[in-house]
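These notes open a run of structures that come right after.
The two complexes that follow have chain A in common; it is paired with chain B in the first and with chain C in the second.
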Partner chain A sequence: MKCRSCRQPAVVDVRRHNAGFCAKCFVRHCRDQVERAISDHDMIPVGGTVLVAVSGGKDSLALWDILLDLGYRADGLYLGLGIGDYSDESGRRARAFAAHRRARLVEVDLPADAGFDIPAGARAARRAPCSACGLSKRHLFNAAAVEGGYDVVATGHNLDDEAAVLMGNVLRWDLAYLGRQRPVLDGGGGFARKVKPLIRLGERETAAYCVIRGIDYIVDECPMSAGNKHLGYKEALNRIEARSPGAKAAFYFGFLDRVADLVAGEAQSEREGLHPCPGCGSPTVADVCAFCKLAARAGGHPPVPAAAAPEGDAEDAPAVRGPG
Partner chain B sequence: MKCRSCRQPAVVDVRRHNAGFCAKCFVRHCRDQVERAISDHDMIPVGGTVLVAVSGGKDSLALWDILLDLGYRADGLYLGLGIGDYSDESGRRARAFAAHRRARLVEVDLPADAGFDIPAGARAARRAPCSACGLSKRHLFNAAAVEGGYDVVATGHNLDDEAAVLMGNVLRWDLAYLGRQRPVLDGGGGFARKVKPLIRLGERETAAYCVIRGIDYIVDECPMSAGNKHLGYKEALNRIEARSPGAKAAFYFGFLDRVADLVAGEAQSEREGLHPCPGCGSPTVADVCAFCKLAARAGGHPPVPAAAAPEGDAEDAPAVRGPG
Partner chain C sequence: MTLRNPRRQVEMAGPIKVNSLLDRLEINRESVLVMVDGALVTGDATIADPAEVEVRPVISGGSA
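Let's look at the complex of A and B:
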């Protein structure tokens, strides 16, 4: 197979585009897809600052790399979730990338800053680990972005992720979740603007991008995710995609084009009735926000801004830390 | 496991209901589910006549059996599709069941009555066999019901079928198809009323029903269906159901409860612009209906009512034949 752009031998094939690419043109292809997603959905305001949620995996590092190459002012945010070696390894990857690109990496460490880790949180709250983790990440990314004054939080959700989440929401026909499943969620009322610039790239492509660009990412899946439903939906979609290349993209973009507006009302009505959580100030519709409830059950507390740290040296337990 | 109803030892378990049944109570359970589907969706008018689309498989024979036991005036319609041994075997099962229940079986034979069979039709039209077959069945069931003056055509689509079709429609977000995916399609304008009374039973249940009731059905899948997408969607849903019993029912009934109305407009607007096909009189939005196009390409013709048969003895090429 030859590169679609330059006719040199191809090293990566993308079946749903029925195309191959040489290394150089593939990198450009990935950048083009990100640029197009940002432009199609008005993701990032001109001159805006971006906080990239960085896990140390292929998607978030590829995203950060591409945003920097496209000229965006993009800092990274790494959350230490206290998942043993996995967290240690992923943190190392995130820091090494930041150092190599001379980019700023903000860090929040759940055990140090909030007094609990994901395994303990999940046990105490009797939630699936991925549920406790997702809740914590959404909360902490949002708080860090609002506090740091970033215009946008960018996450590395790729086409496979979004299609799998859509599959889960569709299987339950959860209209409120479906209404929120967009590549951009507007900010306001205590919420940072959230964008997903990788929606036009599959996970095979972000992995190939990292390999070609020499980005060292953590390859293993999180050890706590084994058996979760999301991975089951990915498997189901992979089988369907193998029979019908392009099925995944048709599913996700067909939803955005023809259905998202039909169910948008459900999500909008959810934002009514929001007020600041008395524990942490984040917007919530409940008495206390879900993160503060989880933290309390796990014997922790919401991360407190440095100036108001209740005990010890403020620098020992900062809410949001810079890399050095 | 004990029978949920009578506490005797269970012989059938239904995981999504987390229940077991003895043979007698299982048969009643199946009847109850059909009765409830008919009642929930006002499928059959009081005293109405039903034409059951009978393939000789487990679903259609179970459906016919249950409708007769529930006291409905239900005739069967068997279509001979000319798929070699498979058609011979399935026709024998349908006739044997009709004879055993002393029920009336109407027969239409595609090769004899329309001059082509499904394998030839699919080849000539360059359609997937299941596509040519589905098109032919819809056309011929409808024509036979309208011509025979039946109030309702009942098909044996079970929960697995409907969930798999829904999955296909959702993967493409085909709003016109989604708008039509209901357990009842109203009649009028040349269309018979169509109902699906088995939507509350899975295919494992209709198979168990036939075994318990001693109904001899054709077990093999149609040999032409190998590799079709519908079977792929069934497999995907079966994997999801195995992890989360009840997922399939939640998917299908959640759609009916919360989404079908949102997309109903698409289907309605499709019925505008219908007129009788000049070839066969069936409603179509095109110049010539899809069945007549298929028949023409395959060197056949629409089945012609006996009185207007163009050649030979009318009894040699009837449009709709009784069993004897």
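Let's look at the complex of A and C:
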């Protein structure tokens, strides 16, 4: 197979594009796709500061690498979740990447800062581990971004993630979740603006990007995620994709183009009645926010504010650049 | 060759095309990368014998 762009031997094939790429052209392809997603959805304001949610996995490290190369002022935020060796390994990779790129990494440690870890939180709240983890991550990313004054939080959700979440939401016809399944969630009222610049790349592409770029990401799956629904949806979609390349992209982008606006109002009503949580100050519609409830059940406490700020290490940062 | 998640070793005779190898292992090509002697290869590439092959899963994620 030849590279679609330069006709040199290809090292990566992307069946939904019916194309192969050499290493150099593949890196450019990934950057182009991220740049297009940012531009199409007005994700990042010109000169804006970005806090990248970094797990040490392929998606978040690829995203951070690409944003830095595109010239964005992007810091990383790593959350230590207390999942044994897995957290140790993922944290080590996030720190190594930050050091290599001379980028700023903000760290929040759930056990140290909130008094519980994900395994304990899941047990105490009788939640699935991925549910407790997702709740904690959303809360802590948002809090760190708001406290640090960042313009946006960028997450490494890729096309496979979004298609799998969409499949789950459609199977349940969960209109509120469908209403907020967008590449950009606006900020305001205590919420940071959240963006997903990897929606035009599949996870096979982000993994290949890391291999080509020499990014040492954690390959092993989180030991607590085995058997979760999200992975099951991905496997089902990949079986469809193998027979019909492009099916995942058609499913997700068809939703964005033709359905998302129709259900947007379902999510809007959820923001009515928001007020600050008495425990941590984060917006909630309940008496106490879900994270503080989880922390209380797990024997923890509201988190100590993260020492996050968009400034610092400015002399090492790449030139500020926005879309266009 | 090395298969990841869980990590295990499998011996298989070559030469063989990457896609044929994945079919024989009943692995969906959308869910893995294949590396031969440390380098990424496309599905139509032929794997020589001997070669060190890694089949690396790319599916990840709990909550989203």
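The rule is simple: the second predicted complex is superposed on the first by the 304 of 324 C-alpha atoms of A that agree within 3 Å, B and C clash if a C-alpha of one lies under 4 Å from a C-alpha of the other, contacts with A are read in each partner's own complex, and residues count from 1 in each chain.
The rule is simple: a contact is a pair of C-beta atoms (placed from the backbone, for glycine too) under 8 Å apart; a residue touches a chain by one contact, two chains touch by 3 or more.
Quantities reported herein were computed from a predicted structural model and do not represent experimental measurements.
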{"item": "Partner chain(s) touched by A:Phe255 [first = chain B, second = chain C, both, neither]", "value": "first"}
{"item": "Touching partner for A:Glu235 - first (chain B), second (chain C), both, neither", "value": "both"}
{"item": "First (chain B), second (chain C), both or neither touched by A:Gly265", "value": "neither"}
{"item": "First (chain B), second (chain C), both or neither touched by A:Gly188", "value": "neither"}
{"item": "Chain B versus chain C as contact partner of A:Ala207, first or second or both or neither", "value": "second"}
{"item": "Contacts of A:Gly299 with chain B and chain C, given as first, second, both or neither", "value": "neither"}
{"item": "Per-residue contact with chain A, leading partner among chain C and chain B", "value": "C"}
{"item": "Touching partner for A:Leu171 - first (chain B), second (chain C), both, neither", "value": "first"}
{"item": "Partner chain(s) touched by A:Asp13 [first = chain B, second = chain C, both, neither]", "value": "second"}
{"item": "First, second, both or neither for A:Gly246, with chain B first and chain C second", "value": "neither"}
{"item": "Chain B/chain C common contact set on chain A", "value": "235, 239"}
{"item": "Residues of chain C defined as touching chain A within the complex", "value": "4-5, 28-33, 35, 39-45, 56-64"}
{"item": "Complex contact set, residues of chain A against chain C", "value": "1, 10-13, 15, 20, 23, 57-59, 129-131, 133-135, 137, 157, 160-162, 164-165, 202-204, 206-208, 211-212, 219-222, 224-225, 228, 230-231, 234-235, 238-239, 241-242"}
{"item": "Residue ranges of chain B touching chain A (in the complex, touch as defined)", "value": "170-173, 175, 229, 232-233, 235-236, 239-240, 243-244, 247, 250-251, 254-255, 257-259, 262-263"}
